[in-house]
Amino acid sequence: CQYETALDPELLCIFGTGDLGRSLGQRLLQSGYKVVYGSRRPHSCGPVPQGAQVMSHAAAARSASLIFICVHREHYDFIEMMAPHLEGKVMEVLIPYCVFSRLVPGAEVVKGLNTLSAWALQNGLLAGKQVFLCGNSAKAKHAVAEMATKLGLTVLDRGSLSAARELEDFPLQLFPQWRLPLCVALGLTAFFYFYLLIRDVLYAYFEDGKDISFRIMVSLANKVFPIVSLIMLSLCYLPGVIAAFIQLYRGTKYSRFPDWLDRWMLCRKQIGLIALGFALLHAIYTFIIPIRYAVRHKLISRMKNNKTTPFNFDNTEAWATDSFYVLGILGFFLYVLLGLTSLPSVGGSLSWREFNFVQSKLGHLTLTICTAHGYIYGWNKFLRPSTYKWYTPPGYMLCLVVPSIVLVLKMLLLLPCVDNTLTRIRQGWERTRLREEEGEIKATNL
Amino acid sequence: CQYETALDPELLCIFGTGDLGRSLGQRLLQSGYKVVYGSRRPHSCGPVPQGAQVMSHAAAARSASLIFICVHREHYDFIEMMAPHLEGKVMEVLIPYCVFSRLVPGAEVVKGLNTLSAWALQNGLLAGKQVFLCGNSAKAKHAVAEMATKLGLTVLDRGSLSAARELEDFPLQLFPQWRLPLCVALGLTAFFYFYLLIRDVLYAYFEDGKDISFRIMVSLANKVFPIVSLIMLSLCYLPGVIAAFIQLYRGTKYSRFPDWLDRWMLCRKQIGLIALGFALLHAIYTFIIPIRYAVRHKLISRMKNNKTTPFNFDNTEAWATDSFYVLGILGFFLYVLLGLTSLPSVGGSLSWREFNFVQSKLGHLTLTICTAHGYIYGWNKFLRPSTYKWYTPPGYMLCLVVPSIVLVLKMLLLLPCVDNTLTRIRQGWERTRLREEEGEIKATNL
Amino acid sequence: CQYETALDPELLCIFGTGDLGRSLGQRLLQSGYKVVYGSRRPHSCGPVPQGAQVMSHAAAARSASLIFICVHREHYDFIEMMAPHLEGKVMEVLIPYCVFSRLVPGAEVVKGLNTLSAWALQNGLLAGKQVFLCGNSAKAKHAVAEMATKLGLTVLDRGSLSAARELEDFPLQLFPQWRLPLCVALGLTAFFYFYLLIRDVLYAYFEDGKDISFRIMVSLANKVFPIVSLIMLSLCYLPGVIAAFIQLYRGTKYSRFPDWLDRWMLCRKQIGLIALGFALLHAIYTFIIPIRYAVRHKLISRMKNNKTTPFNFDNTEAWATDSFYVLGILGFFLYVLLGLTSLPSVGGSLSWREFNFVQSKLGHLTLTICTAHGYIYGWNKFLRPSTYKWYTPPGYMLCLVVPSIVLVLKMLLLLPCVDNTLTRIRQGWERTRLREEEGEIKATNL
């Protein structure tokens, strides 16, 4: 093949002397390659890494077998003019393109390294990073793959260039897995915020004539955040419970889950981390309660008004509030442990059994403790009429619905008979096949 | 060798179409291999990765040279029936087994990839992960090792199959290094909890007739947690001090430490992280003190009862309590820094000298500050008779014993004469050898 | 070449049976090499890894082709005596040296693995770790590189031995990138501490005769920490703004920045993390405010003195303080998110676009919120004469200068005309070249 004769395989050419071209050249030089740059103005193109040469585009392309295109789309016109010089070369295009392969029909185009960035190349964040190579020529892909592996990247073959279109969009998306969970969280926050605004501030204004609008900043926020956090945490464990019931119903583990359930199960980690963020905000809002002006005013006024009445110690109240705080603190502590094991380096250092133990068993324990924290909050208020302003339930009652459902379903799944069946299904047993075989045996016996 | 002729080395066979088999096949396809599945029911075995074929077991095994067994132990009977088809093949058994090699005497069994899990394969957490290969045939091990390296794993040869038994148990253990530290922590927690329960709640009940049992939830917990945290932190640095004294006593660094000391030194990181967890709980329990009902009641009652007495500002008390809090906060902050460098990614980005500086020097500073925090807590109570209820010392006094010992021993080790000797010993100097050589010189001179 | 004949390439020799030599030998044995140790006292040199042999130095060096020197500098004399035995061998010196190459003129010395430590070898923290090899012989370097790659290290060629001197100092520096930011932080802390000490404690002493020196521990610290944190955070984003204006002024992105700006931009991450540390201390100091003796005394005294005066609720004060806390909490929360993405594993799992979004956009949002937190702190105090003790501005006013400058300049950069020009410059457009081309066109037209 023509690029294997008379060309130095260790000489690589880079078109473009910007950040990306210079970072890539630096890293290739460090890995032992020889690098020559092709630039529009070889004599005044700015600094290039030490050890690299700079020539005109045509001269640089002549001697190298593999050419990296690191220029912006706006400058692709010159590449079209250079098409004769690029016949038979392997070209790796690092900048997103649409019609590149039409520009240079005689060259072997390979796309895949465009997920690299100047930043990643500079900071050496390459070890183990995956790149997907697309190209129509196996030899061309092999040449680029060899070089990428020498840089420390893991190369995965993704087929022909037609798959490249999809790959190009990939690094342009911003946190794609977080969009659905963030939308759900923001929706819940907005709903409960306005619900509590009506029940708290507007109720006080219309029923008692008081203006307590200052409460929207801290007091209402410190009710909305724990509500959204608990609901999101239960939404993290609900798909697993639903999936288990689907498997029990169908009697097999080999049929696919519905698409919505698959999608939900894929973003469980993001749902949990958002819930942890809301829990952290709730904790900090709680810590600053006693230094708030409104709280100090209430404390002082209470004493001035009741200065002769002795303040008898209510033991039940002490037990209730202390238990409430203990459950909240322990739940938050376990929550932080769950979040720690979600860090890539910590999770990667655990075995599957350990990771599953933390995320599943400790996770359900966290959900249980936080739900109990919510129940104790209103332990003596569930049956008071004054709790139900304008016949609506308070926010924390609405909040406890989904977690309670998840915990009840999970306890059903822990019943011995149900648990045994589910374990057998997950080890490969199938109810329908059993019936088939029974049917076959019966048919044979007849 | 017969598996190198007439078989496509790029074709791999997987028995089992469950999670593990499908994840492994997906990853092998991505790395460029061809994959064929052997299934009990080739036509309705559920989804297989795109690009893989599904056949009966016998047909699949015929064309491949390397076979992965990814089925549960309960289904091994069919493998025994297939023994003739598996003669001369290399089989990699991914599921724990006991008697597999007896089932298929003619095949070359290699074990090692059973530490992989479907989860790790799916999530690509393979880069750098170590696998230990055992097998009786070097060629077979080499074939599996080549494939494992292409997946990004690091392969270590562990000898023959007889070593496989020990390896199988390895991934089944749950947090093996954490067991001893957790037991110690729980033991200390239980001991101090009951000790303080007796001195605090039972003493008040029997001596003053008061029921202050509500205190067990927050007040007692907030004494037990810092006590256990400080003792665990000092247990983290005590083995290093003991080891230094052992080296000084023996005059050499080449003799082994006792087993118990070795075991202790191996779990220092886990001891430290558990201590950090207790410190974090202590911090959170402290932040919620002012919003507790019991604390507010005490504050309000104090004012009602003493409403005419002026409350003179006690400057010493202000200095003492503020110093107490400052030492606690700074100690906790350094503690968090220590914990951050324990994260795998952060610790891995530091050089040995930097890591040692943080863990050793900053670590001893943290221990010093936290011990001072404990001493200031009872600065004016050590000589009061009322501190010693029923002639027992309070919890914080017991707590300060071990840290003080560690700090005193460490200061002894910092004395110039002791430090010089220890440094020479650690660079290879030996007192006994010196005496031997002196003995030789004397013998020669005689 | 003589070391390629009659020697087993799989046999490596290690001089030195200390920690480093034993750890290196263990890891080489695991990777499949044969290891022989050379020791001064082959029969009583202490434990060596299982599978390795121990001989005298001469015997060990005879059969191996590659020799690792793992002994302390003090013991190099024996190497000089062994020079004849080491002719033609490749020697890798793991311990820093100055004149080693003069000791053994006939051997090929390669230096590079001295960045490894016994600790890293034991803990397997080798995957992807970079080592720089220096040596005068390409074949020697290649032999060492092959072995290093087999251990999982990434090898970079650094040229001849003359570059080794610089490499030796590299692992001896302690946190080199953190020195400048830490000095700046400590300087700011010291300055503001004494500034506030004078304005707060000394002013009260001289003007009012009160001794409020206890305030230096917590009250003053809780003003200094947020001030330093906010200034450091703005120093994190100021160089980016300066760089943008430099590019706008010069009309090109191809000219180098001044050295001081380059150096500043390289330690932005460390500046930001130090600022986060100060913010965390500020948060914790704020949480313990209500349990301080001085704060409780002030609260109680206030009520005793004004026991008949009703305490009217000031709505504006409630809004102001709650907004103040909300801005502080949200700013701190975003700050923690910024810090999380600075963790190597989390940052490495983000794409460049995502990382830039968090660090730049979320970062500027954090700066904005924290600056607003500072403005609200003194919202009604800016025009009061009593704020200016001895005609000096309070600390928080000084603190708001740099952040306000950064935010104003950043808003200038966001103006459409400025932003368009900057984007074109960053994509390669140059104002001077445009003028050159216009000049050329004019010259051509004349």
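Every chain is named by a letter (A, B and C) in the order it is written, and numbering of its residues begins at 1.
As a convention for this text, contacts are C-beta pairs under 8 Å (C-beta built on N, C-alpha and C of every residue); 3 or more make two chains touch, one makes a residue touch a chain.
In this text, all values refer to a predicted model and were calculated from it rather than measured experimentally.
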item	value
Intersection of the contact lists for chain B and chain C	A
Residue-number overlap at the chain A/chain C interface, same or different (half cut)	different
Distance between chain centroids, defined by C-alpha means - chain A, chain C (Å)	26
Two or more partner chains touched - positions in chain B	127-128, 287, 290, 303, 307, 343-345, 348
Chain C-facing residues of chain B, complex	127-128, 130, 154, 156-157, 254-256, 283, 286-287, 289-290, 299, 302-303, 307, 310-311, 313-315, 317-319, 321-323, 325-326, 329, 332-333, 336, 343-349, 351-357, 427-428
Residue numbers on chain B that touch chain A, as the complex places them	18, 30-32, 45-47, 71-72, 74-75, 115, 117-120, 124-125, 127-128, 152, 171-172, 174-175, 211, 214, 217-218, 221, 277, 280-281, 284-285, 287-288, 290-294, 296-297, 300-301, 303-304, 307, 343-345, 348
